[in-house]
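Some structures to go through are shown next.
Consider the two complexes below, in which chain A is the common component and chain B and chain C are the respective partners.
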Partner chain A sequence: MAHSDAVALPLDVSEKARKKGKIFTKRSIPLYLMILPAMIFTIMFQYIPLPGRLIAFTDFRTAGFQGWVGLQHFRFLFNLDYFWNAFINTWRIVLLGYLFFFPAPIIFALLLNEIRVKSFKKVVQTLTVLPNFVNWVVVSTIFISILSPRFGYVNDLIRAFGGEPIFFFSLPRLFPWLLTYLRIWKGVGYSAIIYLAALSGVDAELYESAVIDGAGRIRQTFAVTLPALAPTILVLFVLSFADVFSGLFEPVLMLQNPMINSTAEILDTYIYSVGLVNRRYGLGAAAGLFKATISMTLLLTVNWVTKRFSSEGRGIF
Partner chain B sequence: MSLKIDTTGHRIFRVFNGLLLLIVALTMLVPMLSVLKDSLDFQPRSHLRLALIPQEFTLFYYRRVLNDVSVYRPFLNSVLITAVGTALSLFVNSTAAYTMSRRDIRGNVFFVYFLVIIPMVLGGGGIIANFVWFRALGILNTYFVMILPMVAMGFYMIIIRTFYWSIPFSLTESAQLDGASEFTIFLKIIAPLSKAVFAAIALFAGVQYWNNWLYAFMFVHNPRLYPFPVKLRAMLFFTQDAERLLQEWALQQGIDLSEVMVTFEGTASAVIIVSTLPILVAYPYLQRYFAQGVRIGAIKG
Partner chain C sequence: MRKVTLLLFGLSLVVAGSLFATGVQEEAVTERPILEYTTLFHFDSGDPTENLDLKEEFTPWFNDYFNVDLRITYFPRPEYPQRISLALATGEISGIIRHFGGAYAAELWADGSSMDWLPLIQDNPNWQKLEPGMQEEWMRDGVLVGFPTAWMPGRNFSRHIRKDWLDNLGLEVPQTIEEFYTAMRMFTENDPNQSGQDDTVGLTTRTTWLLQDMFHAFGVPLNHVGGHAITTDPHDGDRFNDQMLKPQMVAALQNLADLYANGYLDPEAFSIPSGGAARERVWQGFAGSIYDWTHNYVWYTNQARTVDPDAEFVPILGLTSEYADRYVNPGGGYGAGEPLIMVRGTRNAEEQANLLLDLFLGNEIAYWSGRWGIYEKYWEFGPNGEIVRLPWKWTDGTPAYAPGPTIGITNDVEPFFALWQSGYITQGNEQASRDWQARETRIAEMVREGLETDIYFQYVSGHTEPRSEAYDAVSADIRRIFLETVTMATTGQVTPQQALDSYRSQMRAIGAQRILDEANAALGKTSSTRWRY
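Showing the complex of A and B:
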């Protein structure tokens, strides 16, 4: 954040005049050429597939388009308990995510920021960032092994204290919590990087004057530190809605098994299995469109609310 | 950061805080160390899992992994995908971000909407539409499907652009007065000053390609093209067969199975370590660029 604030904006009068002028100038053409590859890639993989959303209203087979069917797929889905179950499962995980996964790096960064022993701080940071770079394939295997009822050492500990071993990945009620824990385990240190960068930019004088005003440690946190973090938190909060559902696809796919599907089948895994595995493309696309509409509405709403209530009157985008 | 006022309460807080963070760090470290230990240890499956030091040190499992010819091709596939993908991603996003960063030309806000905000809001075509489109393009079951869709990333563009803004515009202006072309300015002035952010983005993109399992899982069904994560997942599935083959191989190697216990978990752990090695090697080198390189500014600018 510090960077963008410190930017000297090169927008003097002559440039403003130039901006109003022709689009293609000797200066701008090379720059447009430089952005061309990104335009091509974005059009190819973000825009051209968009009309494919309409597959939700068609009978689409391996052979291709067979005809329009209107809302038939949606009627089918909305009458399907299994679909609504996946819908609720998705929301349960999303909600737990915002309760724990989102605040975790903020709390972690605040605590780490209080550490004065530099080497300890660095070691903790390095260790906690590392899991982010490990594949979900690996993360899921590590935890399935650690939590295994036969050989996992968590159950060894439980047994050592005289408890019954827990079949962690066979309990439907446990799955959303387990997944949330794994997401935090993998992501907390990495997400904290941006908050720590913002914290390092807080003016020390603010703390001094807070102390002079008689603020204790906790008051300082609420009066100085959190307000300094607020813009970063807000940006990341709004942006988190951009992949509010899709970020769950891979870990859930790795961890789900038939025993826990009553809580571990989410919209994305449902779309995948009905659409690509069973090749009911229309049905999969309908579930996908439903999901995309919700997540788009959410993102736009959150951004609008931000715009409405932020002091500068601007949203994130 | 905070002032040095040592009240008793604060001292207690600091001790607890240090302990808490130590525990957090250990919850990260212990699972990874236990994998490392399992990969180096002939040890009967017993209730000794918490021990992090191998009881009977061996490189057997690594020999097993390296002797498995079927591991090499997926590994090389992933190296290829990661190298090409990272290079392409860095090129495409850093050049696009440069145009976005230039407030003196028309359209830079349009580009932000077109390349970052609208794709983010709409979220692309979704699994089914992508599948149909990739099939029409003829890139299903090719390396391309594991590389091209992830090249242009709005998030990377924003991070790089924010970094460019920290470079004084006067450098560009004086080069312009000297008659340098925009390409020259980018290559000779901007790029050399942006190594930190390029390193951070290379790390992001590299990790993303190296770990990409989902696209291969959904869109590639030719075993010759499988990247390492797909192979890895297959190797991590416990089957009686896999353990039997492993024990036969151990016998051939002259290992006395009555003395030590050769387990499937050992091979699985060794393969996990091998798969993570490239990241572990690159990570400390690239890590120091994080703090300097990665800041998010306002998106629209």
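Showing the complex of A and C:
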């Protein structure tokens, strides 16, 4: 009951204000002020740069605009095997991410939820969240050192057991798997927080009922916990397609080297390399626009699929 | 209302903090003429962060001595060109940049990042005194895209190899690629340092930069910095060829693939972040060989002896094979050093350009200080006006054999001040000094002999890179495609032939044949009919 009261109050205020035709009220101004920085940030970094997409159709140099070139940059890109290779590599890593990185925090949250010793649970949660605050530069340096064929202790162990040292970061086929592993290592604890929050809201009576019905721990997980988590999982799943390619740039840039570039060059690093490092802004912008178009298409498609097939017929927008 | 006040107060704090953190503040007023200079180069004193206290003393001294405001920005060495590009793209850099070579200078001019030096300095007497060759080195279609930092006989490269390891294994210094392969095998498998452990490999490198002789030996020389394979071809009338199109490139790549597959080539060679890191692997006794500046072999010996007192390096000036019966190592000729770039939009660009020339080419003390460090601390004039370098020590107290910490802003410019080699600061070790002199003399003899007998080749003067607008537009792609091709073939991801087929297809896609045609036309030559994309 307390919960519904708390929700009702702002609605009441909002309703009264609406009736009076007032947008800014004594109560709403602080709320607007709170959202103002986020709005400014969004407008500055998401909307103001939008016209910059036009660079994809221009000869734009450090000296400035040189002229329109139509689809020339796109033709150049689409003729490059290297570009398509980067495209495929991106998808490979994204798919591995959905297969392993996306479910990992859900599984972790479920496991954590089963721990009954609170102090142990807190320690585990803290330790697993901590890597999220370590920069990718540091994480990559640590793992490159650990896995080094000459200095790394992993190879020391392999040698101790009579094996030949393995240079992990020279094996192109291994790279997407290594990267996925590192993303899980770094992000699983932090990503699990939102699921743990959702789990804390599950009505304890449901578990009691399940126990009365004879459900064991595993049965409770599938019959109570997962259905309770489903809306959260769905929202996060759909939203993840909005920035399906993001979050890869830093780790890949830090870990890639010429030996593994056949699988470690992704769209983001290609755009960075072409657009900024080589100062071919038009080409970089064209690749960026291509990437954004795919993200947008995916988001709309997934939202449509969700609407079409979910039991309530709702997407997230 | 209190909440609103608190919120506004909090927001004000955030904004004020952000402004403070991003350094929105009044620039210090100075009446001295400003010279902004960006470099990675700290002469022989390592990267910017090494021996910092020694390096930091140079600029204040220089500014007080010459009453100028020299402002130096140091970028770390790995990925230096990329960092320069990023700084230019974001507009956070101005003044003069020391860059790596003519290709970069031409690229920056082509995309409008840099200024033409000529209108800025053409009336400066120090510019007019320069040798015509030096003046023209970085000239492109009447535009001076970079200012030359040197004019001196070209430095040679050679392969440095552990002589003491060869002796331990009963091997002679290799002369052919086959002998070299054997030495690398034995360096890896036969315990050359007699430690009883499997702790050595044959050779290491930093990408293809320190691996060039492995191509030269097969008659497929790389460009002057080992960045790609489009070069004036000493085997084909000095026209520009893409060496990757020649059939013997398959054998060159197969040789590298064999070295790598058998563990004779350092497995981390293509992921080592810098030349310094690769050199360290050599002098620390892990790898027995590396390709590097010829004059560095003294340095290798000195450094390696801090780990192993018996260590000794000798240079191999070039290797031969069935494909190339003579050494092909770039050498001789005159070089203009790294070009200085004037960033577009630099305030007082003309003043800065002339200040640079007036100081570092017009004032002898500034010139030598830019070369050897603080005057009367690291060097002084001798009784006959000769340069005398003074003994000094590193921060940790060890005697230094290198030039004093400086920015290396000047290099040897022979017409201005008598060319003077640094020599070896004896620090009480007369025998070492004599050994050093003997080796230098021997190298000079070998280089002279090599040039006279056509053993060495020089890239066509002023054409170390193709002069072509098409090249400037895609040179970064060419470097990437080349490096990936070599890396994939070497590490066995594809066969050499597959790698080269992919290379040809990618080069076709970026219009590489036009680059060759334009570059050869600029030389008054036609492109090869044999090796085309």
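Note that in this section the second predicted complex is superposed on the first by the 271 of 317 C-alpha atoms of A that agree within 3 Å, B and C clash if a C-alpha of one lies under 4 Å from a C-alpha of the other, contacts with A are read in each partner's own complex, and residues count from 1 in each chain.
In this section, contacts are C-beta pairs under 8 Å (C-beta built on N, C-alpha and C of every residue); 3 or more make two chains touch, one makes a residue touch a chain.
Source: prediction; values computed, not measured.
*Asks:* Just checking: does A:M259 make contact with chain B only, chain C only, both, or neither of them? Give me first, second, both or neither.
*Replies:* second
*Asks:* Report for A:F222: first if it touches chain B alone, second if chain C alone, otherwise both or neither.
*Replies:* Touch partners of A:F222: none, neither chain B nor chain C.
*Asks:* Report for A:P172: first if it touches chain B alone, second if chain C alone, otherwise both or neither.
*Replies:* In the superposition, A:P172 touches chain C alone.
*Asks:* So, does A:Y98 touch the first partner chain B, the second partner chain C, both, or neither?
*Replies:* In the superposition, A:Y98 touches no partner, neither chain B nor chain C.
*Asks:* Applying the document's definition of touching, compare chain B and chain C: which contacts more of chain A?
*Replies:* Result: the larger residue contact count on chain A belongs to B.
*Asks:* Scan A:P30 for contacts with chain B and chain C and give back first, second, both or neither.
*Replies:* Touch partners of A:P30: chain B and chain C.
*Asks:* Output check: A:W84 vs chain B and chain C. Expected answer is one of first, second, both, neither. What do you get?
*Replies:* neither
*Asks:* Looking at the overlay, what does A:L276 touch: chain B (first), chain C (second), both, or neither?
*Replies:* Both partners.
*Asks:* Is A:A63 touching the first partner chain B, the second partner chain C, both, or neither of them?
*Replies:* Touch partner of A:A63: chain C, not chain B.
*Asks:* Touching A:W304, do we find chain B (first), chain C (second), both, or neither?
*Replies:* After superposing on A, A:W304 lies clear of both chain B and chain C.
*Asks:* Jot down the residues of chain A that show up as touching in both complexes, chain B in one and chain C in the other.
*Replies:* Correct list for chain A: 30, 34, 37, 150, 276, 281.
*Asks:* How about chain A: which of its residues touch chain C in the complex?
*Replies:* 26, 29-30, 33-34, 37, 61-64, 76, 79-82, 148-150, 165, 167, 169-170, 172, 257-259, 261-262, 273-274, 276-281
*Asks:* Under the stated contact criterion, what part of chain C meets chain A in this complex?
*Replies:* For chain C paired with chain A, touching residues are 1, 3-4, 7-8, 11, 14, 82, 85-86, 88-89, 107-108, 110-113, 207, 267-268, 270-271, 286, 344, 473, 476-477, 480-481, 483-484, 487-488, 491, 493, 502, 505-506, 509-510.
*Asks:* Give the list of chain B residues in touch with chain A in this complex.
*Replies:* The contact residues of chain B facing chain A are 1-3, 5, 9-10, 13-14, 17-18, 20-22, 24-25, 27-29, 31-32, 34-35, 45, 47, 49-50, 91-93, 95-96, 98-100, 102-107, 111, 114-133, 148-149, 151-152, 157, 162-163, 165-166, 168-169, 172-173, 176, 181-183, 186, 207, 210-211, 213-214, 217-218, 229, 232-233, 236, 265, 268, 272, 275-276, 279, 283-284, 287, 290-291, 294-301.
*Asks:* Please name which positions on chain A make contact with chain B in the complex.
*Replies:* On the chain A side, the touching residues are 1-4, 6-11, 15, 18-19, 21, 23, 25, 27-28, 30-32, 34-35, 37-39, 41-42, 44-53, 55, 60, 108, 111-117, 120, 123-124, 126-131, 133-138, 141-143, 145-146, 150-153, 156-157, 159-160, 185, 188-189, 193-194, 196-197, 199-200, 202, 204, 207-208, 211, 217, 220, 232, 235-236, 239, 242-243, 246, 249-250, 253-254, 268, 271-272, 275-276, 281, 284-285, 288-289, 291-292, 295-296, 299-300, 314, 316-317.
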